[in-house]
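The following blocks contain the structures, represented as structure tokens.
Below are two complexes that have chain A in common, paired first with chain B and then with chain C.
Coming up: the complex of A and B.
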């Protein structure tokens, strides 16, 4: 076990906070899932709208914290030195955690206010997925700026720029820059939504994808010993493909918000191409799996890395493409179909990546040279989380299918049609199955938590042949 | 009628990318492990992918532009696994030398 840089200790703080928030995300999600079946549950105390908001906001924050943790872990290794603004980084961490705590408390106890600037600044901005009040928005940008400063200043101080660092620096500029787009205020709802999607889509389907590409690149280099040249060449290909299709793929969110009709063509065209790079990427994942014969000193990290490659294809590619054409999306937009796609895509692309990184870090900090991090609990958690997420996705797909076919395409999107679809047996059964698989997921999370806390106690000694290899 | 059309389009779209993924995975596994049977199996998924794509192309609900985009995608999926395999192998070979 090597001596840790201060930056790597900070990375561990970020990861543990992220894992706790992951639990909070699941708890609020489970309550919201039950409220679909029993709408009276906690009505007036913890309303569905608050649970859903906390479920999604907690996800955004914990994933972001995991990514920041990953940056702080690998940055000193990449630059061979301590991070320049480490004190600032720690200050930003405490500010971030404090801000999240205050925002959650306000969400829980105040929940909403009158439609004025006080509410916008101190309670909620009211924008779906990015409800954080304006002061917290500024805080998020400040934290992203701090990370960007630390990466740039450390790179300059080390007098060493690598291809991966170059991509990371450009991506971090986009990370805080695009978030600012979500802070415009305009009374025109179409214009408002136009910018809002820059945060929601471009953050997730462009900057986060590239950030995860950088982190997974570092992970593969250090976990599997994949040569830097291959990682960097592949990263450039990935950036080209993801940006080439993902940026204008934004158009699929512009179909029905009052933007000009040409967005139907632009959005549909680029969205249709979005699965192409995902299919291409699994070829490399299979190649890497073959080269390493699934053998490494950190089994859970490797398996979560593969879950990331394949999960991205299923969640973003398969579930995304089936309702991305405007002709279909006219009927499926905003139904549970989008929730099905969202659940699987986020799990595949980002949750898996964060768990791979966290296991890798725990392996480095707790497992002695010559041993393999392995055991039974991580396998139970791995299978349980995957079964849980696919079960929830399948149930939500059935619910979304019911809404698309019955409420929209058959009955014509009237209020009565909405009620009929909500009361349809397919819908009711689907929500029950979603809750069941939600319970499976949260139980698997508890096993995961146990494994993360005790990781390092279950190790296997490397065999002679493996050591020689 | 409309619901049936939408349902078919969604199903074909779902299957098209699913089969494209299965083709890519099996093809890469077959090439890596030098198993011609696995490569042949992957071609079945390539064919299924193409059939699913054609299901969308021959749907009257889509106009010519969209039929063209889907046709391009379904043909691209046929060649992606082989093209990517060459890219990946040459990347590694270049490094090894």
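Coming up: the complex of A and C.
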């Protein structure tokens, strides 16, 4: 175990905070899932809308925190020096955590306000995924700026720029710049949703994908010893494919919000190409698995990295493609299909990546040279989480098909059609299965938490033969 | 020449490939540098195209455009019918009927729409309902809520209100008292004035041309005045 940079200690703070918020995400998700079956549960006290907002906001924040942790871990290694503004970085961490705590308390105890700008500034902006009130938006931008400053200043101080750092800097600028596109009020809902998708889509289907590409590239380089040249070539291919398909793939959100008809063709075409970079990542993962015969000093990190490649392809690629063409989306838009896709895509692309990074870091900080991080609990958590998420996704897919067919295609999208579809046994049963697999998921999270806390206690002696090849 | 989606697709792909190949000539395709050029050029072409399209789109969806009407449209009868030429449903407008028993001037209507949007955001409607199909899926889509037959069929008799908008107002102020099935909307403490603003907003939103979404909705015809 080498001595840690201060930046790497900060990375650990970010990861532990992220894992706690992951738990909060699951708790509110569980309550919301149960409210589908028993709507009287906490009705009037903690309504579905509040649980759902906390469920998705906790997710966005913890994933971002994990990414920031990943950046702070690898940045000093890549630049061979301590991060320049590390004190600022630590201050930003406390500001971030403090702001999240206040926002959550307001969400829980105030929940909503009257229809004026005070509510938008101090309670909620009421726009899905970016509900955080405006003051917190400004705080998020300030935190983001310190991260960007630290990456750029440290790169300059080290007097060399690698291809990976170049991609990271451009991507961070785009990622945080985009957030500002979501910070204004307009009465025109078509304009509102147009820019809102710039934030939401261009985050999760473009800039986040590239950021994860950077972090997973570093992970593979340090975990498996993949040569930098190969990592950088792959990263450029991935940037080309992700931005080449994902930027105009944004058009699949512009079919039905009042925007012109040309988006049907542009969005349909480019979004149907969006799985391409994900296929490329799977090819690389399978290749790496073969070369290394699945052996490494950190088995959970390697397995979560594979889960990332496959989960991203299935969740974002396959489930996204299922309803991305306008011909089907006319009927499936705004149904549980999107929830099915969202669950598997976020898990595959981002949750898995974060867990791979966290396990890698724990291996580095807790496992002595010559030992392998392994054991039974991580395997239980790994299998349990994957079974749980696929179970939830399958259930929501059935619900989504039913809603698409009955509410939209057959009964004509009215209020009554909505109720008829929701009360159909195919949907009612699906919500029960979703809850069941949600419970499986939460139990697996508890095993994961136990394994993360005690990681390093279950190690095996490294045999030379295990790393051959 | 009018530019359609196919021209945009072909042009962006063509530009990305050709410019990348020209600028990367001389480099071996297995070199990272080759792909660096391709990544930079492709991303740039896509970003520039998106910006150009965004300028065009934002113009076409501004209030008072063909697709997104002026706030004062709340004074008119609004319908939703199938247009066989477009093979899609689209909003249609009829005679002036007012809203809440009065005809709103352009400025008054705009103030009402701004207020309605603020109420919709402050009550977090999107975390149960969908608006233009976006949001959560715990409650019905509101894109054409103004035109929904349930107001006349069920909510008007239940509330005893004389008009659709009055029924909507009673419902929105006390949704917990008028369950339509086992999931009930919680009481979000809307004032009378806030409820009126939301109803005006829903009426205005139903007038947006959404390329035929939702499809297959029961047709609502308007009296011919145009």
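Odds and ends about this structure:
The criterion applied here is as follows: the second predicted complex is superposed on the first by the 464 of 469 C-alpha atoms of A that agree within 3 Å, B and C clash if a C-alpha of one lies under 4 Å from a C-alpha of the other, contacts with A are read in each partner's own complex, and residues count from 1 in each chain.
To be clear about the criterion, a contact is a pair of C-beta atoms (placed from the backbone, for glycine too) under 8 Å apart; a residue touches a chain by one contact, two chains touch by 3 or more.
What you see is a predicted model, and the numbers here were worked out from it, not measured in a lab.
When both complexes are overlaid on chain A, chain B and chain C end up sitting side by side without clashing.
By the touch criterion stated above, A:283 is placed in contact with chain B alone, chain C being left untouched. In the superposition on chain A, A:323 makes contact with chain B only, not with chain C.
When the two structures are aligned on the shared chain, A:254 is found in touch with chain C, with no touch to chain B. In the superposition on chain A, contact is made by A:269 with both chain B and chain C. Considering which of chain B and chain C touches more of chain A, the answer is C. When the shared chain is aligned, chain C comes close enough to touch A:413, but chain B does not.
In the overlay built on the shared chain, the residue A:229 is in contact with chain B and with chain C.
In the superposition on chain A, contact of A:314 is made with chain B only, not with chain C. Residue contacts after overlaying the shared chain place A:405 against chain B, while chain C stays out of touching range.
Taking all C-alpha atoms of chain B against all those of chain C in the superposed arrangement, the shortest distance found is 5 Å.
For the contact definition in use here, the residues of chain A common to its chain B contact set and its chain C contact set are 229, 233, 237, 265, 269, 331, 409.
Taken in their complex, chain A has these residues touching chain C: 32, 35-36, 39, 43-44, 47-50, 52-53, 111-117, 119-120, 123-128, 131, 163, 185-194, 229, 232-233, 236-237, 239-240, 243-244, 247-248, 250, 253-266, 269-270, 330-331, 333-336, 338-339, 403, 408-409, 412-416, 418-419, 422-423.
Residues 3-6, 8-9, 12, 16, 30-32, 35-36, 38-39, 42-43, 46-47, 49-50, 53-54, 56-58, 60-63, 67-68, 71, 110, 113-128, 130-141, 143-145, 148-150, 176, 180-184, 186-188, 191, 194, 197, 205, 208-218 of chain C are the ones that touch chain A when the two sit in their complex. Residues of chain A that touch chain B in their complex: 227, 229-230, 233-234, 237, 265, 268-269, 272-273, 275-276, 278-280, 282-284, 286-287, 290-291, 310, 313-314, 317-319, 321-325, 327-328, 331-332, 401, 404-406, 409-410. Contact residues of chain B toward chain A in the complex are 2-3, 6-7, 9-11, 13-14, 16-18, 20-21, 24-25, 27-29, 32-33, 61-62, 65-66, 69-70, 73, 76-77, 80-81, 83-85, 87-89, 91-92, 94-95.
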